[in-house]
Amino acid sequence: MTASLKGSRRSGSNGDLILKTVVGAAAIGIVALLIGLGIELTSGSWLSIKTFGLGFITGSTWNSVTDTYNVFPAVIGTLTASALALLLGLPIGLGVAIFLSERAKGMRAGASALGSLVELLAAVPSVIYGFWGLAVLAPFMRDYIEPTLKTYLGFTQLFNATPIGTDLLTAGVILAIMIIPTISAVSRDILNAVPDSQREAMYSLGATDWEVVRKAVLPYARSGIFGATILGLGRAVGETMAVTFVIGNNINLPKSLLSPGATLTTLIVNQFGNTFDPLSEAALVEVGLVLFLLALVINILARVLVWRMTRSTRFRV
Amino acid sequence: MKGLILLSVAIAIIPLFLVVANVVVEGLPAISSGFFTGIPPSPLAGYGGILNGIEGSLLMVGMGTLIAVPLGVGAGIYFSEWPESRLSFLSSFTNDVLAEFPTIVIGLFVYALVVAPTRTFSAVAGALALAIIELPIIARTTEESLKIVPITLREASMALGIPRWKTIFRVVISTGKSGLATGILLGIARATGETAPLIVTAGYLNYPPTGLFQQTGSIPYIIYNFGTAGYPNWITVAWGAALVLVAFMLILNLSVKFFIGRKSTGVRAEI
Amino acid sequence: MSLPASLIGVQPKFETKGLKAGFKSTWVLNGIDIKIPPNRVTAVMGPSGCGKTTFVRCLNRLHELTPGAVVEGEALLDGEDIYDRNTDPVAVRRRIGMVFQKPNPFPTMSIYHNVVAGLALNGERNKKKLDHAAEQSLRGAYLWDEVKDKLTDSGASLSGGQQQRLCIARALAVEPEVILMDEPCSALDPTATAKIEELITQLKKDYTIIIVTHNMQQASRVADYTTFFYLGKMIEFGETADLFENPKEELTERYITGKFG
């Protein structure tokens, strides 16, 4: 009746080991994939790295006739469009997050429906935003927004150009629309992670709803919201299709926000079909390498900030 | 202040309605039964169809999902069941980074890895890029849906003398399986809408695919290709393709909501 | 620590020697020496944080599954150390069943599959054997008459008390020798509690039962022997009536008279 507790082979321990090895291999695969990405992009762009060196980033010429491929204008384009996107998208995304996490307490149904809508916003493929941007948003910007900006702000170089609709400003607007769901979803999780005791402490001092948000919730969530912002920036920097449609694709240095431009991502898509000679191919892969490094830095920074707020260790078997 | 917050909510939502409204209004004229069986038209020659895109998308998303599911589910199981290991921390962090990576970079990676050596765009290259894009989504949702399986169930199983690996398969995964399905659907949704990586890996073909190592069209590529062209009928074809894509996304998202709904009721019953 | 007079010369079913357990650097259990008699109900009592739950979780090697857990010392089941290097924890758990604080039936399995889960997942395929085990175990847990017509329903569809008896049936089906119960009634109403307590007194004919409880009335109703734990130490061990009427230690007395924090 009494079975022995001992055995040369532990029951199940083989199965445990096999399972752990197999799923562990998948986990290693993910790490290997990232390393592989870095190696492959570096080796694929080696010719271009050797030829142009740092001039790849600082030079302004992209010309297949002279075989010179430098990306400074695209770097500027990426920075400008992303900054515009953050400028427009951050306050709105944060507003949505505050609404979803704070106002929601009294109106669950409405807030959750709204939350679903904002999630849907993120589910629409970027190519559709791009196409819509080209067909609907760009003409609207050209005919209404940009002439107004030029009239009142045209004295600064930023808005001194003939409105054409397909330019850096429109690219920034479409990017803002696309990063709002990212910023609001991540910020909402972070605001939800703020302990209620923080809110109650402020309420008990006689604070209004808004004062509670401003003085208790937002300061507590500061670093997490910064992380959400960086995550949004990462989305904006890496977004390709939506921008390709509306940015106007000009590989020269843009003169104003109303001028057509290019970003690192749109440069790849637009120059891609053009040539198949080794140097231009390597240069395009090097653009990918630059994006890879940018994305790596941005996302590691964002993750660290967001993780610290929302990840808690749990005991598990 | 409340006014500003409500305003920001309104501004965030308006584009969604505008985009959907425009896609429906502009896309409907293109839709007929022929739109699902024909190929894209010549300039100024009606609306044709997007069969090449539908078949290409099905082919590449299908293959990509087949590659991504075992890897993603496996990694997700590892993250959830061996959370204290260093590999888990490193890989899970990498996974988060990978999930936010610009997809064009992933496309270029596959370009350098597959397209450049074979000197041809192909469905295989496209599927590989889509698999890499789906992988982190599936891994993360798998991890999350297994983590919410209560620890008491794992202990109940282990206390019966059931080995850990069987506990994971028969109790943990079986309880969290609707979450797994959700993750796979989310991965499919993401892959179906991807365009940029396909431009540099799969290219475009105006005919339905006949092999795995040739240029292959896709629905999002049709939107890009025809939406930026000058012919009115081509623009309408792009709107039509956009409508098909948006409808597909909506259906997938509703399915996901359905799965999540079932999952939460299941959890309520067991705690 | 003196042994209760009635246990002198009795071969213990379970015996621990210097059993220590905890997490990383903190010990929750500070060296427990106890001899648990066979076919009796032994209650482990004490204020929260005294280590009573950790103690029973050490007895089927469940404690070690928590990340950072550490165990030292010996725990002998019929004289065999379950913490011996060559001992298979899975084999230990098959001989020692456990019932948890909150009923935890497997939500994706039917009542029937819940009961036979331990057997089926350990490779038993014979339908007749499984059917037999299911009926025997459900009868043993006094649940058969209530569920025999709905064996295919989900285990989660039962009431809390029924779920807990389902979990007891699930533990019985593996035919263990010892059943550990960690405050099995804490989530149940008085009627359901009474049924479980009645069940416990029946089960001791075939099993050795160790029950954790912070409820003194429950200990005095079901347990033959009771031990009092405080701050990770065993303070006293004796026949239940004896321990409640003539506690030998001052700490025990203060606890049972309610003069405790």
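First chain written, first letter: the chains are A, B and C, and each begins at residue 1.
Please note the rule applied: a residue touches a chain if its C-beta (ideal position, glycine included) is under 8 Å from a C-beta of that chain, and two chains touch if they have at least 3 such contacts.
Worth saying up front: this structure is predicted, and the values here are computed from it rather than measured.
Taken as a contact graph, the chains are fully connected, with every chain touching every other chain. Put simply, the chain closest to the centre of the protein, by Cα centroids, is B.
When C-beta pairs in contact are tallied for every pair of chains, the largest tally goes to A-B. Here the CA centre of chain A is 53 Å from the CA centre of chain C. The centroid of the Cα atoms in chain B and the matching centroid in chain C are 48 Å apart. Between the Cα centres of chain A and chain B there is a gap of 17 Å. Of all residues in chain A, those touching 2 or more other chains are 11-13, 315-317, listed in ascending order. Shared contact sites, meaning residues of chain B that touch two or more other chains, fall at 83, 154-155, 158, 162-163, 166-167. The multi-chain contact residues of chain C, meaning those touching 2 or more other chains, are 65, 67, 90-92, 94-95.
Interface residues of chain A, counted against chain B in their complex, comprise 11-13, 15-16, 18-20, 22-31, 33-34, 36-37, 40-41, 43-44, 91-96, 98-99, 103, 114, 116-121, 123-132, 134-136, 177, 180-181, 184, 209-210, 231, 234-235, 237-241, 244-245, 265, 268-269, 272, 281, 284-285, 287-288, 291-292, 295-296, 299-300, 302-303, 313-317. Residues 83-84, 150, 152-163, 166-167, 170-171, 174-175, 177, 266-267, 269-271 of chain B touch chain C in their complex. Chain A meets chain C in the complex at residues 2-7, 10-13, 315-317.
Touching chain B in their complex are the following residues of chain C: 60, 62, 65, 67-68, 90-95, 97-98, 100, 102, 104-108, 117-118, 121-122, 154, 156-157, 167, 170-171, 174. Those residues of chain B that touch chain A in the complex are listed here as 1-2, 4-9, 11-13, 15-16, 18-19, 22-23, 26, 70-75, 77-83, 87-88, 90-98, 100-106, 108-109, 111-113, 116, 132, 135-136, 139, 147, 151, 154-155, 158, 162-169, 189, 192-196, 199-200, 220, 223-224, 227-228, 235, 238-239, 242, 245-246, 249-250, 253, 257.
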